[in-house]
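Chain lettering (A, B and C) follows the sequence in which the chains are written, and residue indices restart at 1 in each chain.
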């Protein structure tokens, strides 16, 4: 995994300033010889450190602010590290919203969507990759085209459909429409195409049926791809705000992001640290899934997008 | 698990399959493996039926609804093209579409630029633990919800009490009215959006870069290409398929931006950060003009399709497949 | 070798199978949750009551429901607390429920939506009020007629005010004294106010804001417009309503001025006095005395005020509880009337702005008599004491705005809250015609521009406001 440690081209650095300077300077080669780990690497790391600080800083500020009493919320200079943590805001979150129910609802909705997407995307992706049927190209384009439709455009008819099915204000109203997935289907098709076609031929010669070939040969090999579909579905729907906002009404049916809105209070009566404590709590499950699935996600995403 | 090796092996193959060699060449596989047509439709059923019911039917319904006036409380009334003529003369709708296009251009360029730049920096000669750290750090914002990100960013960008202005103040920059001026709030929406989303493009680029064989660079440096010229003539062409995918996805996402402006600025001041999707939401769910909202939605769908088609057309000229 | 592969295969398949069975089992077990059939009172003919609320006040709510059930064991009640960031959000949620085919029977509606509901969704209460006139007499005697008039629409009454809030001026007492300022007079003018801000500005460091305000309908520009005797919409009164005023407020000093309700039917953003009020706010922003208001802002307000980084801000009685929870002592802040205008026709009479809320019965309610029993019960002293045990809003009953409610929390001059009505009977509700959502959007989106640029930008923002309002009012709501 350790790559490209070859010391040769030291001015691979992406910092234009350093490079220009070195290119002009006549004694550059000499200096380079003296310091094998040269400024180019240091410069690159410096740029990356700044970028990482800008990326993580706001999150650290959120964490440390949620762990301070409300009166200290917007203290300047800011503190990014939660020294002397104070958890009263977290207790307040549990007092103001039914956290257990919110988490249960979010877990049910997100979990079932993820499983549903994995199953349906695996089947459809496999069909688009290996099976033979009329209009395959057109149908695949159509599936991809649905990615371009903003959810706000279709939400009203979806809402009426849900009403017609008698599912208004239920968790199923959130789950069912989210199961077919264009992106997941695309990803799984790419993934299956990356697997050797010869396996199918061998299995077919052994007399296995197409479904058996799928189940016993390809589906197990495609597990990492499926994991990506699952992780992405989890991440997206765990954080989803717009559809729950429209499709659920009773507080018993709220998912986490919706429940957290109530922490903000009406007319500026909420407390920042309580709101931020809610934000931090809601990001924990997503963080766990991310940490567990990070490697799979990275490998799979990079593979899937090569196209 | 033994299967984790599969994607790595699969990577180079994928980039070939998509375009050049379609394996297995049609007809070579025994027909039993490729299944009967009915079998294929069984595989497709959950996705196709689901999409038909929950996406295609609603799209058609939306298009039809665009020709009606409907407030949910009473029966819809046929209105011909009235909704369309109204939205073309509505300054808010026009401004919102302009904002959306401007936002997409700036946010996508910034997102892809930052992602590619950082991916190049991370990919090159870096201790492995650092690479893992940076990769995780840049991906991290993606696991947060856009709504909660916007909530804490709103505090950070506060003109009087925010950390951003305090930081700028330490280097002598006077307080910037981020969220209360048209230019300032547009900047915040773009920055917050890019902050959260660049990690996705970053990962895509990182994958593409890691699949470029080292020998290609060595050959290039023998030919005298260094630094920027090396990237210009080797890296960019080799990752162009990924750039296409990353930009198509980034543009489609950016065209639908809602959560960030909704929470950060509510579309203001004036209409300066109102996006097309926000106008759809406000028209439908706050003013109950569902026909008009559908008409705006139809126009937005057409715009997204046109942009995507244009991208694929351009890609024929600029994307290089090995 | 081959064996081990097969073994691994089998164990993986078993694991996957178990996982599949587990998922199916979990789905089956949670089926009532997925279909919401586990929510008590759903679709069983209970009286369904929708309120804008959080789980935070669920306990108080439950006490009120229990008390109601003791009184009316025959009526089943289901309260739905609906989460929304503001009233506009809440109303669109209610409309969604109507669209979904299960509208609530009773809805808690604030001034913002009173006329929308009256025009489209709600049932007049006139007949019920007349029927229970004896009980209602006690209620009306305790409630200021200005609040009641806010819920009159074209001569009929649609809601009974339960709680309300005026835009008063909160100030940080230690900031005031450190800046050499005394408590403002009850009739201080906008110029006195500006001078006070300037004194605070001089006495305090950079990270301090003398006047913090947010861009919204309640407590944004409207109190300043009212102070200057104008509004961004034209204001007229409908005829009618005498049935109520004659019966319940015959000897009220303001009886002659009461009407069948407010009518806001035309834009008025080009009125010179509107321009004047906006220009005053623009001056505050320009001179660093007030902030440029943020859209949808206000979430950081309590913390900033409690930590002494804001001098003054407009708010109502609803703010006391939040400040107490943020750790502000009863003497650390106080409240004064909003300033009056120093010159011009409005200088003689002070007019303030308020918003109120109460239950409306939906036209579609299955059992309107049961619904009325709930509305009537909620307006009783017993119910209101259960519901408004803390000063997180101002009760509509004058007798409940008392020492006990504010003891230990402040402010010292809590009397200001109800005096805003009693001493200034011209005090009016925030303007909210049936097209409120579009009107509010039009206002909010032009305010920041109007107050944060030069005079030319002010003019063009108000011209744009005028145009947007015209469009908004032309729509059928």
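Quick note on the criterion: a residue touches a chain if its C-beta (ideal position, glycine included) is under 8 Å from a C-beta of that chain, and two chains touch if they have at least 3 such contacts.
This one's a predicted model, so the numbers in the text were calculated from it and none came from an experiment.
Colleague: Please state whether A-C or B-C has more C-beta contact pairs across its interface.
Modeller: A-C
Colleague: Based on CA centres, what chain would you say lies at the far end from chain A?
Modeller: Of all chains, C has its centre farthest from that of chain A.
Colleague: Averaged over CA atoms, how far is the centre of chain A from the centre of chain B? Could you give it in whole Å?
Modeller: 13
Colleague: Just curious, how far off is chain C from chain B if you go by their C-alpha centres, in Å?
Modeller: It comes to 38 Å between the two C-alpha centres.
Colleague: Which chain A residues touch at least two other chains?
Modeller: Where chain A meets two or more other chains at a single residue, that happens at 74, 76, 160, 220, 246, 264, 272, 275.
Colleague: List, in ascending order, every residue of chain B touching at least 2 other chains.
Modeller: Where chain B meets two or more other chains at a single residue, that happens at 151, 155, 158, 161, 285.
Colleague: Provide the list of chain C residues touching at least two other chains, using ranges where the numbers run on.
Modeller: 96, 99, 207, 297, 299-300, 304, 309
Colleague: Which part of chain C faces chain A closely enough to touch in the complex?
Modeller: By the definition above, chain C touches chain A via 9, 12, 23, 26-27, 30, 33-36, 38-39, 42, 52, 54-56, 80-86, 93, 96-97, 99-102, 207, 214, 218-219, 297-304, 306-307, 309, 315, 318-319, 321-322, 325-327, 392.
Colleague: Touching residues of chain A toward chain B in the complex: what are they?
Modeller: So the residues of chain A touching chain B come out as 1-6, 8-9, 11-14, 16, 19, 41, 44-45, 47-48, 51-52, 54-56, 58-59, 61-62, 65, 74, 76-78, 116, 119-121, 123-124, 126-127, 130-134, 139, 143, 145-158, 160-161, 176-177, 179-182, 185, 190-191, 193-195, 197-198, 200-201, 203-205, 207-211, 213-214, 220-221, 223-225, 235, 238-242, 246, 257, 260, 264, 272, 275-276, 279, 282-283, 286-287, 289-290, 294-307.
Colleague: In their complex, what parts of chain C are in touch with chain B?
Modeller: It is residues 8, 88, 92, 95-96, 98-99, 120-121, 207, 209, 215, 291-297, 299-300, 304, 309, 435, 437-438, 441, 444-449, 452, 461, 464, 468, 471, 475-476 of chain C that touch chain B.
Colleague: Write out the stretch or stretches of chain B touching chain C in their complex.
Modeller: Touching chain C from chain B are residues 2, 71-73, 90, 92, 151, 154-155, 158-161, 177, 179-182, 263, 265-271, 274, 282, 285-289.
Colleague: Give the list of chain A residues in touch with chain C in this complex.
Modeller: Per the stated touch rule, the residues are 69-76, 95-98, 104-105, 108, 111-112, 115, 159-160, 162-163, 167-172, 175, 220, 246, 249-254, 258-259, 261-273, 275.
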